[in-house]
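Worksheet: the structure to be examined is printed underneath.
Order as written gives the chain letters A, B and C; numbering starts at 1 within each chain.
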């Protein structure tokens, strides 16, 4: 039989191993490629891409104040990516972080409104954090419960949960909790996170979380259970794990961390609650977590990168009147390129000329 | 009598608000029928809105005011192409490069809203003022294609014949999609791809081709929802505030109507009604803002009930969100 | 059509998968108006051979001739073009479609979809051959036998003249089997060529005109059914007993360890998989479990491990140090907490026994991760164990943190067996422990089993190679259709005796 007719022109084979430096070279290359594509968008505005990128870098890192603002943007992204990691490791597609952040912020605000003036600052903040953890955790537990019990599609469920809680906040904001013009009153100073090095201390909390999540995922029994379930549900059952219970526990944890992020945004950055409090962080952080391969330390780098882009784009808008939406475009391009490049790390393209095994031609 | 008028007015408004949703939902149904869960609908709608408006705006600016039908065609075409291009990115990444569908969809949502907003603002900056079209076109976009005497039929006239071109087009599209999925060979094959790509593949159906076509065309249809919103409800100006959330609502509506194009017809009117109910129907015991979460709440309930009842006819396409690679067979 | 010309002829077909030769120079001819039974044990290469006719695989060597002309079959579509249709064991059907919708799937000949016409054509085919199926019934409402019918009609609808059925009766009740045979006879009378892959002798005798026998990838011969008998066919199928020289010491010190009585269970499609199974397993012996594939071996082991819901019956565990426990109704964790040290080497090594993405250390942890107080896993003991297994079983791997999914089959099995034995089990269950392994690794596994036996472990060894079972085990339990058809002394039993127990007990459960 003619060998040529057997095999398609281009075949794919999974790589058994790929040198780490080469893999990183591909990833860095994909980032550069994305920035190159971003040039097209900048050119459309009639500006020089080179100058634009320089403005962005300068606007994000050029001074202490700029850097502080950049960090402020990266903190919630990082915190929330950490929250996503355990779920995604388990192959539980929780895309409800946006809502879990909001639920946490809502709970924290409730605590702040109830106890301001009755408690000194530190216990108040701790109580707010505890409330946020509980709020976010319970909000995440709902879809997990239905997934464990009746296998209800978690992707769609968690997505819907986002808009329900955001709607609740919108109602509070315009109704029972309204202070003026559809806004909730600013937190009292005692309910605001103190600043360290010019940025609210949320960044310290998140960095501690990086360490904790890393340890949790790599060195604890629960982290091990999550990894096994993510690999094979059957194996987990074989090893005697209660898959449903672990699922609910992990989702509670994930929601709790997101809730804590909500607290950090509310008490640290915004000093109030609004329905836009999550502002897309819950969605962007999913991509951060995924692109970091769920590695807690890599998340620092990627969330910083996105922070720089967002802050830089703000500067670009004021300096060169380029719409700030350019940051979303560049972030989107970055995500596309990085998502796509994993394919070239995991698969090898084989041209048909040197086959010979005559693989299945189905 | 008065109550009846209120109901009719409410329904008319619900249809107006529901029409963008209808397109968003129909497109996503087609996409999901192929097993692709494209969560980027929000971004696609933004792109459709911005490019559709841009198309009409520049057409009018450079070629003078076109006839209404030409304007509609240009708006639809520009929006469709923008959405198709966005979905092509999604499909290339998930089907060919095997990236995770959830993550890619979210990335598209970010990218698409960015592009939409960017384009909308760029137009404004270039024009130096708000970008809008002539009043003739504005009126045409919200006018009904039917003659006045039909609209004058008591009660039902307005309701049946008084809606915009876009609504009737959406109805035709929904019926067409229903017939396509149920009655044609390609529709049958497409459903097979979404249900069980392994079986479809072994039956000789080109799974990749069906996924690409359904996702790209579906994305194009969804994007039309964006421009419909801009030219009917937003008064032909770029309004990202109003458009935000419509895409996610469309994803919810797909679940609510159980992946059926015909159910999307009344589903979109219902969701449209829920979106504006607070303006028309003020009940002292229901806070106005809470009306807005009703669509999501009912969707969650539908989701739970359908998983609980385990009725085989009322499930998502079985391979929804899952990648299909032949060697995994 | 020339009756003497073969409809399809295979000449010198060879197919290799890596180092394993699945088919070795096979010659075979099919004629129209004839039912050919393709007989052989599990792993003898029957399905592989037929998959080359249906376009799933390409042969490495050899020729396929249709009506005397050389053809090449590169895809299922090519196969249909040559009139060849295969009904696989795993049905490929879309659940939410009707029978007719499934049948027309992928057909490109008519442009317009006319489901009414398709329904009519399906009814016509059903009428012609005596099928009983409603074309408008949804697949999810169908029984297994109805689904099979849909698959057969699908092939006929595409105008197949040559039908290959891969173990069609494996999932059918006796009544359904009879109905299928009636249909097959009708198709034969309609001048179709039919191949039925099977290892059930009674069915071969009942339905076929000719029998072709494969053994371990080699073609043994073809005989006319009328001129042969089950005994002769068994001889051809299993061959002369091969001496493997597996060391089999006798453990004098045997104690009762597991007492299983009246065990029944159903799968999620409500098909009875185990039917009143009773036996005892002794500490200090290897109890072999023989049977054709899907006779309830998997369910038996999984019920004991607490992974399969049990409908009736009891499993009593008699601890070596005295005391008795009921295992039915317990989860794997509860069983372990009771102090029952149960080791289980499942058939699906990577999907069930191991975590493919983890290294050896992570996999060793699968049995021990809960040990020790505190929230942290202890990495040192599993790492030590991983090194021990690595050295003692000579696992070839770049390192103990290298993902086991990327290891070769033999090394994967060594990791799994090494871990299970390390827990010094009192009961060790293995399913197809040497499947896909080379000779050396197989012997390593045999020796480990024997070692365990001599230490007093009750070993339950589910196997497919009768030679191995006869030389390795002390007793052999034979399963047939979910029932125990006999328990024999492995030192005295013959291959034929077991072969007949595996196949000739026709009694399967009622639908």
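What we mean here is this: a contact is a pair of C-beta atoms (placed from the backbone, for glycine too) under 8 Å apart; a residue touches a chain by one contact, two chains touch by 3 or more.
Remember, predicted model here, so these are calculated numbers, not experimental data.
The minimal number of chain-to-chain contact steps leading from subunit A to subunit C is 1.
Legend note: the chain whose CA centroid lies nearest the centroid of all displayed protein CA atoms is A.
Mean C-alpha positions place subunit A and subunit C at a centre distance of 45 Å.
Subunit A and subunit B have centres, each the mean of its CA atoms, that are 27 Å apart. Averaged C-alpha coordinates put the centre of subunit B at 49 Å from the centre of subunit C. Chain contacts: subunit B has residues 202 touching two or more partner chains.
Shared interface positions of subunit C, defined as residues touching 2 or more other chains, are 75-76.
Among all residues of subunit A, those that touch two or more other chains are 362. Those residues of subunit C that touch subunit A in the complex are listed here as 55-58, 60, 72, 74-76, 305, 307, 331-333, 336, 344, 346, 348, 350-358, 362, 365-367, 369-370, 375-377, 379, 406. Residues 1-2, 5-6, 16-17, 219-225, 227-228, 231-232, 234-235, 237-240, 242, 358-362 of subunit A are the ones touching subunit C in the complex.
Put simply, subunit B touches subunit C in their complex at residues 183-185, 187-189, 191-192, 195-196, 198-200, 202-205, 312-313, 315, 318. Within the complex formed with subunit A, the residues of subunit B that make contact are 37, 39, 43, 89, 92-93, 97-100, 102-104, 106-118, 121-122, 125, 201-202, 245, 248-249, 251-252, 255, 287-290, 292-293, 296-297, 299-300, 303-304, 307-308, 316, 320-321, 326-327.
On the subunit C side of its complex with subunit B, the touching residues are 75-77, 92-97, 101, 104-106, 108, 110-113, 138, 140.
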